[in-house]
Amino acid sequence: MTQSPVLSVTDLVVEIPTRRGVLRPVDSVSFDIAAGEVLGVVGESGAGKSMTGSAVIGLIDPPGRIASGEVRLNGARIDNLRPSEMRRIRGKRIGMVFQDPMASLNPLLTVGDQLEETIQVHLGLRRAEARKRAIAALEEVGIPAADRRIDSYPHEFSGGMRQRVVIALALAAEPEMVIADEPTTALDVSVQAQIVALLRRLCRERGAAVMLITHDMGVIAETADRVAVMYAGRVVEIGPVREVVGAPSHPYSVGLMGATPSTSGDAASERLKQIPGAMPRLLSIPSGCAFHPRCPRAFDTCDREAPPLLRSGSSLAACWLCSPDHQHLVQSATLPEAIE
Amino acid sequence: MASFNQRLQTALDSDLAFAFKRSPVAMTATTIFALLAIAAVLAPLIAPYNPFDPATLNLMNGFTPPMEANEFTGQTFTLGTDDQGRDVLSTIMYGLRISLFVGVAAVLFAAVLGVTLGLLAGYFGGWVDTVVMRIADVQITFPSILIAMLIFGVAKGLTPVEARDEMAIWVLILSIGLSEWVYYARTVRGATMVEKSKEYVAAARLANRSPLAIMFGHVLPNVMGPVLVLGTIGLALAIIAEATLSYLGVGAPPTQPSLGTLIRVGQDYLFNGEWWILFFPAVTLLALALSVNLLGDWLRDALNPRLR
Amino acid sequence: MTSTLTSRLAIAALTASFAVVTTSVEAETLRWARAGDSLTLDPHAQNEGPTHTLAHQIYEGLLQRDMAGEIIPALATDWAVTDDPKVWRFNLRQGVKFHGGEEFTADDAVFSLKRAMKPTSAMKELLASVADVRKVDDYTVDIETVGPNPLLPNNLTNMFMVDEGWTTANDAVEPQDVANGGENYLVRNTNGTGAFMMVSRAPDEKTVLKANPDYWGKGEFPLEVTEIIYTPIQNSATRVAALLSGEVDFIQDVPVQDLERADAQEGLKVVKAPQNRTIFFGMNMGDSDITADNVEGKNPLADVRVRKAMNMAINREAIQKVVMRGQSDPTGVIIPPFVNGWTAELAAYPTPDIAAAKAMMADAGYADGFAIRLDCPNDRYINDEAICQAAVGMLGQIGVTVNLNAQPKAQHFPLIKNKETDFYMLGWGVPPFDSEYVFNFLVHSTTDKYGSWNGTRYSNAEIDALVVSLATETDTEKRNLAINKIWETVQSEQLYLPIHNQILNWGMKDNINFDVQPEDQPHFKFMTFSN
Amino acid sequence: MLAFVIRRVLQALGVLLVVGFISFCMFQFMGDPVEGLLGQEATEEQRRELIERLGLEDPIPVQFVRFVGNAVQGDFGLSYRLARPVSELILERLPATLELAFVSAIIAMALGIVLGVFTAINRSGFAANFIMTASLIGVSLPTFLIGILLIYVFSVQLGWLPSFGRGETVEFFGWRSNLGSWDGLRSILLPAITLGLYQMTLIMRLVRAEMLEVLRQDYIRFARARGLSERAVNFGHALKNTLVPVVTVTGLQLGSIIAFAIVTESVFQWPGVGFLFIRSVEFVDVPVMAAYLLLIGALFVVINLIVDLLYFVIDPRLRSDRAGSH
């Protein structure tokens, strides 16, 4: 990829100070997303996917904060902007779609109110024009009779329709970048595919970069161009979708993919059955590679030193197994034990 | 859902105790409340005088300012004396006793009545629920002060004059308690209806446990958290209600004054410079109600998992 | 803190006195407050102090009491008993006009007196001795009584004159039927001959009066007040606050504890005078057993030694000093000094002597004392409840454990009238200034006509006969001897435990010259201002 | 919706009947109106006559049926004390109480909502914590004490505001109002603050709690994610969603504002119905007391009804749900 990325995240660290110590839900995360590209971010709950998304759009709830690293939007840093500047970016240059369409819409305001308000804020249009624009936005996301439905309240829409409204809202100001945080999880299986397709189509058409956060490998397989796998706040593997899904390098990715039927996401409960144990709590992240207590192929180095992202085919994986000299590592690591 | 005991245990182990140690407000409030409670409970032992024994009073000591010698008798009182020559400090301690006793007893009465009715209404539903909740609706139509005045009036009409002084305290408890039970009943009823549909209740029912055993053994522990918070805040409300009723002259008798009675008396002397008769009881009442309110407030936040 | 407070006070006082200076230049508006409001404007419908106070500003009687309590002419210029000792003749003032312009004549006087004698009138008891009222000519009226009644004028001071034509035209010949919730035109409309006329009135809230430009008494009375704004303020703390903050100019009942403050405040003063009212305790000494005590089968109060011991235990001076702040006149008899029959001897009271009192108790067989309930009003007399509380402590010292039952007057008084209390507080005023009035109500045994307020159950046929004889005894000396004899019995039997005579106080702006009227009846036409 | 309203009205009538019976019964036990009416010097005969005329010797059920029958026609009889129709007395004084309640409700709501939103938004700030703690003082101080202290400071010491009464009133279409003159406005200030303080702290705490709850909602995050300004988020979105429970509680509190006016009105000598009630209790003026309790009951029922209807206005979900299910 030669063109400069729309979004570039480098060594991002998010910290939450609590009375029992500082938590790091996001730890040294780096990735790029190019225009028109869809990056899927996968992982179990609590892996730091959503927090990464929140960090990008600058919506981390206090006392959480970005401790270090950079977030660049088309080359310009946005992680250190003042709140008012950041607000002008949100919605205008970065749109966001949340998991639950019912909870994402204010139940007391009509769909039109919420659309018009967003359009007016970002595009500085007068009310009448904003309304036209809002109707157009609704039509674009496939709401029938949009000119009538615009005055309806959220509860008068079905779940899928609501999520279309949410997408219309996120895209209303034609952002360069869209973060979709589990956009299909709360929906019926029957409409999940439609929504994902809609999102992908609209972003393609506008050339927007998409960060698609999900734990549904089926959605990733169908939609994403590249995939980042997160575990305990870190990116453990990132690469083209075919490679990460088809031939994962990191043992965690292997387990994640193996647990997921390739086409549908309705077996979420089954996932990771192959990997014993659960994700560590943020307070007690194991030393070295955070995955090593669960890793079937862990060896001594793993609990001492955290692996950097290492090349593995066209992907990068944070696993000592990908180190060209991992055989050597295994041996040298066992040596001291032997001496003892 | 974990049972209340477990939850309380966990809470005491970690969050509640931790939050308590970390909250200067909660610590201060508890300290103040404890001091006032001790002063009240031990009043007969530690109070300098017994203000409830009229024969020991010397009227000539009346209106002695704090820490000043009385012009007729030469006696000195830490917080001065009231219009009858009663030592204000002792009177406050004894008054505190009445205020606290009425408050705690009224809360207990309201809680027991409200929890029982709420459990019954929530568990059995149907006409029991309808009757209890309609009574609650009518009851809540009247602000507690009016209900209390109403009960007081009726009780006053029904009891012989001789028994009124002894009755007054119980009537206060009854009237304040009766005006507050609705809140417990509504909370418990709602929680009970939720609990009732859970598996463990169904299991207990299948095991042929009696409804009473199920209600008190299984459902009750799970609704104790909100009841505890209601009770604490209710205690402050009851103390203020008692003071207001006594202030309006339908509460504790003047020969056995509660804090509200003392303030009613003291108000008459506010403009002429005899401030201590109003000031000390008012500050004590404020400290008592405030410390209980602060505790209740803190407890509500601490027991609310979402705010943790 | 203190200094700023003082300076603020000084500023407040300055502005207050400044306000006085500016207002007293021409129109004198008097802002007047007291605890209660007038109950009705119908001048014959209520026999009650505050009602009469307002009525006195608007209406007048044939005669009136001045600010010193002396009877002076009003709508009658002079009066005397005629040759027939049962007939009093009143010569009426000529050229007097009602506020509506009607002239006051003998017809109005006859009509008014007859109206005051109608069944719905509250004033009819005062005219019970009247057999007939006759017009002699346009300005002369005769009143004939059943027997000779030397005290008739005393009963006419609150007997107001209304215009016959106006009253009849407005269909209000019968006074307002208060008991039956009646209503008539006079309840909210006035048409008197008095120095002030009604401008507006909201009961319990505010009443505005203005000077009557055609008042007959110009030149006879100062008439400096041109407008009266009357606001009842029941809460005593609020009432004092209103005076202290300069929102009112004159209040009728300053709580005793605030007298000093009000008096000391720049621009304010308090004037005092003994009131025609005595406060005392009554005891059921007539019944053989009583319910309010803890003694079975006996009535401790029936023993005169117990009553004397209780009398001796009461420290009247302590009550005066502490409870009343000096604003009372301790006494040993239940009438104030201006009442005919009072003597210094009667009014003497024992010095408290706990040891002697205890000895008398032991003598009577109550060495260990007894318990009894004391019924007490809490909204009627000055510091009534505090006096009762003080008595509880004092009686406690001789072993009498007193259970205090203080309640509003509406609940307290029926206990006395229904003979449901054995130990109670009562205050008694004597509007006719004669002991007979007291005996009729408080000493004579309870019968249909007499003793309705005698809660002692005392019954002595000899005394009863003496009391009855007073009404028709025209020989003053013989009458006074009888009065004296009755008092001697009352005192030796210790029928009552007298405490004190109340002292009235009025708080007002410094520049007001106004004496306290012994019946607590301010007549504002007498008020003057100095600058 | 019509069925809903009818059901509520029927319920309300039931409540009122019960309330009427209670208020009527209660005063059967209190005091003796005869003494208050006749005064100390009345004769036995007068007393007997009066008892008969007032119907005080009839059995209680008979008296009650008579009472209800008259009440339905708006006739609560005549006040024993003032000898005037009770309905007239109440109508005369109701504006003063309603106006006081209205002004204190406005003060309580305006300050309560502003402070509630402030403390919710600046949840951990020093000022917010201070206000929260101070608000507890407001809840812990009895109303009568607040009134006395306000009079002491602002009337007696500073001399800024009147300590009693309504001051100058202006009449608008037969409604005597304090809001038409400077003097009237000054007069209503202290009593309204006294009466409103407790409600203000309640509303403030409620708004804060609800607001914190709402601010956790996804649609607030989404509104932020759409780049709306903090003001638009806090007031346009969060506050509106906070209002539903606030309206309920405020509505219900209005009833208790009017009831607590008894204490405030007697401290400030405010000539309203509460003051009338207290004076009536002293004189055992049964018709006025009974009518007053019924009035409070009726007011509460009406307020409840209005609150229910307000729900429909505020919350669109209810509108369609109700329309659908009834």
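Each chain carries a letter (A, B, C and D) given by its place in the written order, and its residues are counted from 1.
What we mean here is this: contacts are C-beta pairs under 8 Å (C-beta built on N, C-alpha and C of every residue); 3 or more make two chains touch, one makes a residue touch a chain.
This structure is a prediction, so every number in the text was calculated from the model and none was measured.
Asks: If you tally contacting C-beta pairs, which comes out ahead, C-D or B-C? Let me know.
Replies: C-D
Asks: Return the chain whose centre of C-alpha atoms lies at maximal distance from the corresponding centre of chain D.
Replies: Chain centre farthest from chain D's centre: A.
Asks: What is the distance in Å between the mean C-alpha positions of chain B and chain C?
Replies: Here chain B and chain C have centroids separated by 44 Å.
Asks: Taking each chain's centre as the mean position of its Cα atoms, how many Å separate chain A from chain C?
Replies: The separation of the two C-alpha centroids amounts to 90 Å.
Asks: List the centre-to-centre spacing of chain A and chain B in whole Å, with centres computed as mean CA coordinates.
Replies: 53
Asks: Whole-Å distance, chain C centre to chain D centre, using C-alpha means?
Replies: 39
Asks: Would you please write down the residue numbers of chain B that are in contact with two or more other chains?
Replies: Those would be 267, 270-271.
Asks: Residues of chain D touching 2+ other chains?
Replies: Counting only residues that touch two or more other chains, chain D contributes 30, 148, 152, 156.
Asks: When you check chain C against every other chain, which residues touch at least two of them?
Replies: 237, 241, 244
Asks: If two chains touch, include that pair; go through all of them.
Replies: A-D, B-C, B-D, C-D
Asks: What residues on chain C touch chain B, complex-wise?
Replies: 236-237, 240-241, 244, 255, 257-258, 260-261, 292, 315, 318-319, 321-323, 373, 375, 378, 385-386, 389-390, 392-394, 396-397, 401-406
Asks: Hey, which residues of chain D end up touching chain C in the complex?
Replies: Within the complex, chain D contacts chain C at residues 30-46, 49-50, 53-54, 77-85, 92, 148, 151-152, 155-159, 162-166, 266-269, 271, 275-276, 279, 282-284.
Asks: Which of the residues in chain D end up touching chain A in this complex?
Replies: Against chain A, the touching part of chain D is residues 217-219, 221-230, 232, 236-237, 240-241, 314-317, 320.
Asks: Which stretch or stretches of chain B touch chain D in the complex?
Replies: 25, 137-138, 140-143, 145-146, 149-150, 153-154, 156-158, 236, 240, 243-244, 247-248, 260, 263, 267, 270-271, 282, 285-286, 289-290, 293-294, 297, 306-307
Asks: Going by the contact rule set out above, which residues of chain B touch chain C in the complex?
Replies: 53-55, 57-60, 62-63, 72, 83-85, 161-162, 164-165, 249, 253-255, 267-274
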